[in-house]
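Next come two complexes built around chain A: one with chain B, the other with chain C.
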Partner chain A sequence: MKDAPGTSGLILEEPLLWEKGKKGRNGMSVSASDVPAAALPEDLVGDGPDFPDLSEVDVVRHYTRLSQWNFGVDTGTYPLGSCTMKYNPKVNEKQAATPVIAAAHPMLDDELCQGTLELIYKLEKHLAIITGMDHVSAQPAAGAHGELAGMLIIDAYHRSRNSKRTKILMPDTAHGTNPASAALCGYKPVKIESGKRGILEVEDIRQLMDEETAGIMITNPNTLGLFEENIREIAAIVHEKGGLVYADGANMNAIMGIVDLKKCGVDVLHLNLHKTFSTPHGGGGPGAGPVCVVSELEKFLPYPRISFDGSEYSRDYNRPESIGRIHAFHGNFGVLVRAYSYILTMGAENLRMASQLAVLNACYLKVQLKDYLHLAYNRPCMHEVVFSDKRQLEHKITTLDIAKRLMDCGYHPPTIYFPLVVSGAIMIEPTESECLDDLDRFVAVVRRITMEAMEQPELLTNAPQRFKVKRLDETRAARQPCLCG
Partner chain B sequence: MRYLPHTQEEIEKMMARIGVSDFEELFPTVPQDCRYQGDMEIPGPLTEWDLDVHMEDIRAKMKVGPKYKVLIGAGSYHHNIPAIVPYLTSRSEFLTAYTPYQPEMAQGTLQGVFEYQTLTARLLGVDVANASMYDGASALAEALLMTLRLGKKKKRVAVSRAIHPHYRQVIAAYFQPTEFEIVELPFNEDGRTDLSSLTRNEEFAGVALQSPNFFGVVEDVESAASMVQDCGALLVSGFSEPLAFGLYKSPGSQGADIVCGEGQSFGIARSFGGPALGMFGCKDAFVRSMPGRLVGETVDLDGNRGFVLTLATREQHIRREKATSNICSNQGINTITAAMYMAALGGTGIRKLARLNYDKAEYLKASLVEAGGELVFSSPTFNEFVVGFADDFSKKQRVLRDEKIIAGLELGRYYPEFANKYLFCVTETTPKAVLDRVVEEVKK
Partner chain C sequence: MKELEELNLPEDLVYTKDHEWARLEGEVVVVGISDYAQDQLGDIVFVELPEVGDSFEAGDEFGTLESVKAVSELYLPIGGEITAVNEELDDAPELINQDPYDGWIVKIKPNDPGDLDKLLDRNGYMGILKGDE
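Now for the complex of A and B:
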């Protein structure tokens, strides 16, 4: 029965789109024309793309089967460090899909689209309050896009002072996007080694910061899940040398209502609405990466800025010092609607509670697992905790094996092999969405896997066994690329 | 709060295990002078039902709602979306998954993106398409940066003035901190880009056009490709309306080196301009300089077909500051949406739909000219075209607006020389009766 689709329970086989279908089927109705046929410019007309013809049922079954090969937050615990895989509320989806929002055209005159302008304006205000920053632009379409906007702002700031700086300080725990975003602005990243405590040390910054350096990019809490407690002193040193402090807000979920980033000395910050503010990750996007600044830098924010005169909202294009436009329209508006709905649903107290519970959950996992997995830094953690495979390596079991075995046990693995400063890192971020029962079940499974690593290592090295495919040959994919069917 | 599952009893139990007595003790490393003072002054919490009321208030402030016939495209198009598309994309196995870094657990996303890449490559006539960029504008900016990576020591690019004005603004922002120069190419009276100033001496790494361009005019990509390549540069062919390639020759098949643009037309709501879909493809030879994610086919331990993210050595998480781009995502669910739409439409359907769009736009174009309008550009167009009127059309536009018809986009704001010229867009969603009503008003 090898040709039957149901070879593994409910994981059904499904070919590629163009391996099915028959010429002449269709999955979407096209109206008959109510106008006369016009003459075609024959020299420009082509044959049209070679797409398969499928019926509606073909398409529906295809994507339903594909979806069943996936694991999402709605399927189960997804403790992926630094990604904040919290629950994505359904009411947010409903709001973003309402016909008025979905049909809004981005080039309408201001007076015709007051509602969408109001929503962006208010979201920007709320995000300013939550972070402590003065002004926000919701235009960047992703975290890395927000970083780019932020670095463009830092570049514009230095140019406005007739200063050209060439370097930027970058902790070795930074996300890869940080150096890549800085490089797009021509800055050479200067690596700061993490100190013994896993955080930045004031002396290191004092030695590295100079007047050729545009500033520093700091993720706080950092990717080890530790709060950069020297941030104010570090910011003072950077400011003294004429630099600016950029904060990567990837880990904002630990600190809502707890930390004021402006008070920390931060000048520019980006947020990830798809992390902290509950919008779905969509298997890779779209997210949104608003950029937040202090008053002095407001003039550099992307245009159009949305303003309110007390009765009307309008788009302001007359922004001579702005970094310009970085998205064709207003950024990922549909994502902004979801984040706005989330903030209003939560209110101030629950947002703060979400951060407290996210930290509580991570601290709980740290205590419950530290006798089973090597703890990279035994210091108070925030919303995520980083372990490693140091103990399991004695039995030739790696982080990858542990991750794959977790999959067979019904969990999405944590982030692995990041941050780079921890060899074989296992970075766990449970988020506030997981209840105690689920955490305890996860703890029991991880503990059992560490036992298996000693007693039945093949359960780990042969994992996963229970998915549509076994371990995939990533080397072959890169050496003999097949990117198009 | 329904999203926060902890009971007070559980919180206390967990705190006891950790060895703290209150939430404050969970944050010992946050210095006092970094602390948030007081409460965050934001509204809420709202129940689901109160949120509905609040959002309805906001929606009620939109003068132009879904019942309007908006005859404006300009990078954001109204096409019918079949019910299966939002139904299937809302499956939370797709929607609530992360980037497929654990491929065995994300074959749905990965096969879906591989299919998207393939259908997109076929549509654009290129060898390879990536897993998508943010939108058409950032895709174009990234494409020009890519030509500079490929063009080694070259420092200049040329950009047609007939490209969407917003896209050109985005290119300018991306280029601002770099040492590279952008030269603007004018357009001819027929609405096509004037490439006559290009010479080998100019040392352009890349030349960017848009086809159909902002005026709806279909560029002569084939001639442009040979002229640009003769000058030693790469041709980047942008677009904002991919449905055009259901009827017109694809840019890749005419020799464009990089083809990129906006894919919103394929099943994605306008949603005030985003989230959208930056489609991006190129010739095989340039793949390793490409920005963005790629999904590739491989096999598992048993030799069964599977899909993984690949060629990651171009990307920021491996290459850091030496990456081809800082992008760390793709448009995820929107790529799946576009692939579903292309699959539902099929080869036969896209041809039929593109022809319907063409015929309807041509009908309005001819009728407006007959009614006294002046066609600004003579070249063939798709979906959009520019018309001028002898008298002040804005008053008539206002009358039509009261009848829930938004009749065109005035171009003076974007091109001062085209004040009182209007960019019209017609798709399959506009009935003939609406087009006739516009023409009737013009005749008055």
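Now for the complex of A and C:
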């Protein structure tokens, strides 16, 4: 396709490290020993690990080639809905690599790591201001971990009041981690169906909420990219029955500094720094999922809490009602540094503007594409928009085919087949990182693909063609996984 | 995916709105998912089955199906006790895709076989599918 960023290029083959190299190769010259040989203790003797023999250049080329098969936010548009694959500013990397920050040993005593403690303390304060919540713990390692911490806090709250609750309300648009986190805390998820408008209806909550229900887990904006307009009324009903409101902050990028979650009635919220706050996301690398609470729940936050007495920062372990420590040392500190750098370099006004632009970009794509892809809910969207393959199905073209063809055209595919309430969902989240020119180029490519679906469907059903591996046999991969190197 | 008229929906079965089928065989009820369900799910890669001896009410979740697209819950069409599970599905979940009526999932001793009359016949189920469109 002309004008699309994707084109063909030379792809270099690369075997596994164990299939490379040759006996005796190595990456350094080790000096001959100048001390007499000594016998090793018996328990240290045995077969060494099975490492391949490789030179430095073997290893460098190996990883460089693997990286060239990859696609990331530094490569191109990555509209993976619900993941907020925004650009990660390099200044954050510079701060995180500063030796005094990066090299501080995690076991230093408080008086020797004042800077580390100060950074976490201030980051927690900033996150409280941005969300409207009262207190924050930056300890959880990622979103689902933050959810677990949050649900443990809700559980601790009910226990502290001798209130025995067994259920939790769960919208059908929830991320799969929500019911999983609640179930790990012993709560049975009760599904709430979204109303016709794609959001929760007050009456449904009124019918389902009772005094055996611990609360509700609600994502706002939800995974359809729609703002849960009834959140305050819903929160009031949940509170009336003694429950708490958990907000999943996965979609916080739509509302940073704009929506005050405490005023919405939220009691517990987690954030994904690797989504909203521009720290690297994906590849299995570490994230951070700070958990934010209202004052009444502060005593349950994970310990140690970092406190400041006006002159020194210290870690407070004397927290008898805390849910306990949930991460070693300072949490994923390198991620916290990057998020702190992002907040300081952006400033309050620009954080708000980032959310406004993220929403504007999604709305733009919605309007530009709605005559080409079926729009699941034709309502004002927030930071992401959900289409489906309903029109293309008439030509036996599915969401998967469209996603694969987009790859050939040089784009990371959007999230597909989620949320589950939309059959064949195509969930696009452009983020604020994409400029108008790039959005227009994306729009032109998607429109063209919908034409191809009618005129040259094999371009879609045979895609991708420009990759090292073509259409993968996902069924075989799932049924007969090969999990060894 | 199949058009509605391409679906294989045998006349001698009863169906649920959640796309399970049920068939009375002597004293037990055999349960599986419909052709429509397997077609919508796509290739099924894992089936989570209940234990023999477990008891459920009609409408209870009794297992899950994982396909390349999504994970879906299985709901029991009729209350009763699980008397058998199709263990072949552990190694060959594709049996459900190949023939959803031969690839049964569980057998139940129903609390009341008469409850089967409350389920949908082929026409009733087809009506629901048309409404889904």
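Everything that follows uses one rule, which is that the second predicted complex is superposed on the first by the 459 of 485 C-alpha atoms of A that agree within 3 Å, B and C clash if a C-alpha of one lies under 4 Å from a C-alpha of the other, contacts with A are read in each partner's own complex, and residues count from 1 in each chain.
By our rule, a residue touches a chain if its C-beta (ideal position, glycine included) is under 8 Å from a C-beta of that chain, and two chains touch if they have at least 3 such contacts.
All values reported here derive from a predicted model rather than from experimental measurement.
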item: First (chain B), second (chain C), both or neither touched by A:His395; value: neither
item: First, second, both or neither for A:Arg448, with chain B first and chain C second; value: neither
item: Contacts of A:Ser33 with chain B and chain C, given as first, second, both or neither; value: first
item: Touched partner set for A:Val359, first chain B, second chain C, both or neither; value: first
item: Chain B versus chain C as contact partner of A:Thr98, first or second or both or neither; value: first
item: Partner chain in contact with A:Ser423 - chain B first, chain C second, else both or neither; value: second
item: Which of chain B and chain C A:Leu148 touches, first, second, both or neither; value: first
item: Common ground on chain A, meaning residues reached by chain C in one complex and by chain B in the other; value: 176, 418, 474, 478
item: Chain C partner contacts - residues on chain A that touch it in the complex; value: 176, 393, 396, 398, 417-418, 420, 423, 474-475, 478-479
item: Chain A partner contacts - residues on chain C that touch it in the complex; value: 1, 40, 43, 45-46, 66, 68-71, 93-94
